[in-house]
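Each chain gets a letter, A, B, C and D, in the order it is written, and its residues are counted from 1.
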Amino acid sequence: MSNEKEKNNPQEPNEVEASLETTPSAEEKAPEEKPKKAVKAKKSEDSDEVAKAAPKKEVAAQTTEDKAAAPKEVAPKKEETPPPPEPGKYGELLQANGFSPTHLGKDAKGTEMVDIKSTELREVSEFLRDNSASKFDLLVYVAGVDWKDRLEVVYYLYSTQSFESLILKATAADEKLPSVTSVWPTADWHERETYDLFGITFEGHPNLKRILMPSDWLGFPLRKDYKVEDPRLVWNER
Amino acid sequence: MHDLIYRLLMNLGLPVELIFFIWAGLMFVVISLVGQVAVVFMVLMERKVLAWITQRKGPNRVGPWGLLQTVADGVKLLFKEDIMIPGQDKFLFTAAPILFFAPTFVIYALLPFTDKLLGLNLPIGLLLIFALSSLSVVGIVLAGWGSNNKYSLIGGMRSAAQAISYEIPLVLSALGVALAAGTLNLKTIIESQNAGQYGIFSWYWLSILPLSFVIFWSSSIAEVNRSPFDLPEAESELVSGYNTEYTGMKFALFFLAEYASLFGMSVLMVILFFGGYYSPFGGLLLQKWFHINDPILLEFEMATWLIIKTYIFIALAMLIRGTLPRLKPDQLMGFSWKFLIPLSLVNILSIAILKLTWIGTGLKTIQAGPFTFVVPYIVAYGVLAIVLFLILVIFGNIFKRKVISRIQLQQRTV
Amino acid sequence: MSVLDNKVVSGVVEVGRGLATVAKHLFRPPVTLEYPEVMPDLSDRFHGRLSLLTKSGGEDLCIGCQACARVCPCGDLIQIEMHRDEQKVPVIDRFTIDLGRCIFCGNCTEVCPVDCIKMQDDFELAEYSREALVLDKYALSLSGEESDEYRVRHGLEKHVE
Amino acid sequence: MATTATNIPQQGVFLEKDIDTNDMVVNIGPQHPSTHGVLRLITTLDGEIVKNIEPVIGYLHRSKEKMAESRSLYQYQPTIDRVEYLSSFFDHYAFVSTVEAIAELEVPKRVQYIRMITMELNRITSHLLWFGTFLLDLGASSPMFYAFREREKILKLFEDLTGARMMYNYYRFGGVIADMPEGWLDKVRKVVDEFPDRLDEYEAIVTKNPIFLDRTIGIGIMSAEMALANGVTGPSLRASGIKLDLRKTNPYCSYDEVDFDVPVGNTGDCYDRYRVRFQEMRESLKIIRQAIDKIPGGDTAELNKRRAAGDETANEMDLQIYGKKINLITYKPPKGEGSTIVESPRGFLGCYIITDGSPKAYRIKWRGASFSNLSVLAPLMKGLLFPDLMAIFGSIDVILPEVDR
């Protein structure tokens, strides 16, 4: 267990960023391809850095392909100086009932996203399931996300009454979150999976053990700092 | 030919008892050889029939039309490794296939394939056959226990329960035949079916004992562990049931014995209900239509009729195997104890009544004739209907749940 | 009584109906294809063995752009080494595909800018060793005539120099 | 041959005992004829009664989510086929449509209809395979062969269209890899036209067979509340009486332009699950027929003729097979996130993608319908008989690759 902990300590942020930046450059190593495509590709590859430097000028000059992408490119800027996204229907509902959600706008498919405090998670879940205005009686999935500096858990809820969905997000402080198994029994396996792959402990879970990986596996594979060079993974050396 | 051998033995000056044994042994060898060939052919036939009803071709690589497929399989099984896993009871594990195999083949010695091709013409042949056929379940239970495998154990226990349950309706329905014919001797049973001279109409299955036949057929399929009663080896639940751990020759013995018992049961059914070795037109065709009285030719005809009738039922069993889903153990038991056994008791009762009325007419065996068609149906099955109705009134609650589920079914929306 | 009757009667009728339906198939021709004798009728787009088309004269068509290697989901399955000669014409030194690890997804054929790497309808690829499944350029390349024939069959334009 | 004297086993009916006996733990799987893959069920048996059951999964875990971290989106796409290999068009649709939503790519109408036809055909193949194996689990062998015979015809159609029978890799961001081959729609129509007769044949063999009814009616009753609480979706949920079909409630693709019904059961037992799936095949046929009639541009041969004749209307956006041709090798979707759920043959198939502006996805999460559907097995099975396990397991239609991913 102590070994595991060591391994799971997040890497130094500098190191992580450095490794990120090497990935696109690896793509550029390849020699040129079909001339037409290559030009296009060059543009789209450059667009990333260019957009950061001088977004407004470049956007106009981009091809149609990048136009669609351009507004999204601005998004990271927003994160630094966040103009708060408009509160959605369910975010307002939560706020009106004494919770303190952070509105995150909508995802690409138009599903409302709400960030909630991990301490409130179970109360919010129960409220959303039982409240007649929301009635989210189906937990579709629980997904973990490793943002390198924090672990986040995404709950996708669906209502069989209004046929609407809602994404709840909660940050796992100290890699811990309250379990929602008592609210939606289906969370049992989903939380086990999230524990298995991300190492997030769900407090109050009846049977929190590995589900997909072997029970003696070391480390949590979907964390960004997980070393794939683990000698145990290399079982089929070519 | 029989006479020749018989006379030869007599001339050697041996005591009669010894001649009897030698004769029985010889016949047994001949018949079990016939049985072996029949089984080998049946395995191929099963695969072919199952292939044809599913629009496939079946075995067609070994020999012409795949005729030698079973032989090749047999040879393969002979040379396979005989695997024993730790924890098995070696003695029981080895004894089980033999205990399963032997009784099924001994039965052949008692079955009259023709007039003379018959190992032992015992006056209690029918009884002995049932005694032997219920022995083979010991083999299955031992195989389940000795295998040190949980699937095998469950399979063995299921088989024991099944054999106990289905023995009763099987014997009770055959008892109807014995009552009607007034004997337990198989040859006499065949002769008494031919006595009516109406061919197919004077056989017991139609003229006198249709209910007995249905009961016998379904319980014989259960007795030989065929689908839909193949619970001891239900492959979707128990992998392969009691023979999960068996390989090589031991497995081959189980495999052969299963088919051998199906063949034996089918022959027995033909003997009891389908006029045995007589043609469907009454008597023997060679004798009746062509006036040939050569004994050897006549015997060939007898054997041919018997085999044809037997294979019709085997083919039906194969068709059933391809079509019907498997029952559950509780349903299997229920079918026997709550349906077949009461029904066969009623059946026996009605046949007894019939027999009593018949004895009044002065005949010892019940024969099919113009008279039979009227009397038995009115007397016996009239009584049967009344008794059945009474049983339903008394034990009606047995069926209540079924009725409910039936109503549920009718209310389905999809 | 009547309900029970229904149950038994309908049960017998339904079992009979099922048996009859199954027995009906006895008289239908088998749908089996006896494979080694009868080859399956494969469609034009079949994902079979990978091959390299050549020009009509038999010269390499591949320009060594690495596009196929980059989109391959199996990592280093396609390996290409090339250099350019004096006239800046690409020369392929080495082109190997490890068919043993290929998943026949067709990504490489889709991105090839010169329509060079293509899939044949050859699916019998068993070999005695894994090494034999690593095909080099000569094993992969079709002759000029074969390539032309392939292009005609698949509605591609004949390669004209 | 009718089976009369059986009844609905109820919990506790057989549990009466005074004799001191031990429970038997049977380890069903990972290799077992009816676990449909590699699933291990640690079953505690009291005679034939299942007292407890604990599914152990993960034997087929191929780390699909981890694989996405080391592959560009386009490189990752062929491996999606293997998430759920019986209906991989749905996986592709979930993936592709999420990326399309993130990148705001336009999808031509013709492509949507092609996707709809292929998805519905795929639903039929998946249900056919379920039908065959379900009946095989119950002990009937021929229906499986008949189902596979029909499935083979549809797989042949897929081979004509995509070049592969199961691992299609056909959808692309904003389009499909290639237009339909000429005459393909006629082939589909032919298969679709002769299919109802085959379905009737299956029904003649199975639907009212007394043994089948005894094996399925009243077995494994899943109430609507239980189903929802355990996250059961798809036909299994609809059999419990909840009319929830994403194609109707949250229409995607072009499902809002076709007319079809959502079959619903009312008891939630094995028989209802069977009926619902069977009706769904008929509804899928309905959808395919309408889609063939409505597809913009009609058959490719026609379209090509119009194009050759210089008809400009034949080149408009809706008749294209790509909304916008993108360079797949270096394609970088913009930063964003999106989550899609589609109605796969087994239920909600979810795909959650976070992109960070690089060619790779930052995170891809797959939500397999079977994953949640399998988790309901243990509560469903308690107190039933051992053979019911196979009936229930077969009827909830679990496919293990989707569970383990």
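In this section, contacts are C-beta pairs under 8 Å (C-beta built on N, C-alpha and C of every residue); 3 or more make two chains touch, one makes a residue touch a chain.
The structure displayed is predicted, hence computed values, not measured ones.
Novice: What chain lies farthest away from chain A once each centre is taken as the mean of the Cα atoms?
Specialist: B
Novice: By C-alpha centroid distance to the whole-protein centroid, which chain wins?
Specialist: Minimum centroid-to-centroid distance belongs to D.
Novice: Looking at A-D and C-D, which pair shares more C-beta contacts?
Specialist: Contact tally favours A-D.
Novice: Between chain A and chain D, what distance separates the C-alpha centroids? Give it in angstrom.
Specialist: Result: the chain centres lie 26 Å from each other.
Novice: Taking each chain's centre as the mean of its CA atoms, how far is chain A from chain B in angstrom?
Specialist: Taking the average C-alpha coordinate of chain A and of chain B, the gap between them is 67 Å.
Novice: Give, as an integer number of Å, the spacing between the C-alpha centres of chain C and chain A.
Specialist: The answer is 37 Å.
Novice: Using the average of all C-alpha atoms in each chain as its centre, how far is it in Å between chain C and chain D?
Specialist: About 25 Å, centre to centre.
Novice: Scan chain B for residues touching two or more other chains and write them down.
Specialist: Each of 53-56, 322-324, 399, 402 in chain B touches at least two other chains.
Novice: Among the residues of chain A, pick out those that touch two or more other chains and give their numbers.
Specialist: Only 27, 33, 37 qualify.
Novice: Out of chain C, which residues touch more than one other chain, so two or more?
Specialist: 4, 7, 15, 18, 22, 25, 31, 67, 70
Novice: Inside the complex, what are the residues of chain C that reach chain D?
Specialist: Residues 4, 7-12, 14-15, 17-18, 21-22, 25, 31, 42-47, 67, 70-73, 103-107, 110-111, 119.
Novice: Over in the complex, which chain C residues touch chain B? Could you list them?
Specialist: 1, 3-4, 6-7, 15, 18-19, 22-23, 25-26, 28-32, 34
Novice: So in the complex, the part of chain B that touches chain D is made up of which residues?
Specialist: Spelled out, the residues of chain B in touch with chain D are 50, 53-56, 150-151, 153-154, 214, 218, 227-228, 230-231, 234-237, 239, 321-331, 334-335, 337-339, 398-399, 401-402, 405, 408-409, 411-414.
Novice: In their complex, what parts of chain A are in touch with chain D?
Specialist: 20, 23-24, 27, 33, 37, 40-41, 44-45, 47-48, 64-65, 68-73, 75-76, 107-109, 111, 137-141, 143, 145-146, 154, 156, 158, 160, 163, 165, 167, 184-186, 188-190, 193, 197, 210-214, 221-222, 224, 228
Novice: Which bits of chain B are touching chain C when the two form their complex?
Specialist: Listed in rising order, the residues are 51-57, 60, 319-320, 322-324, 389, 392, 399, 402-403, 406.
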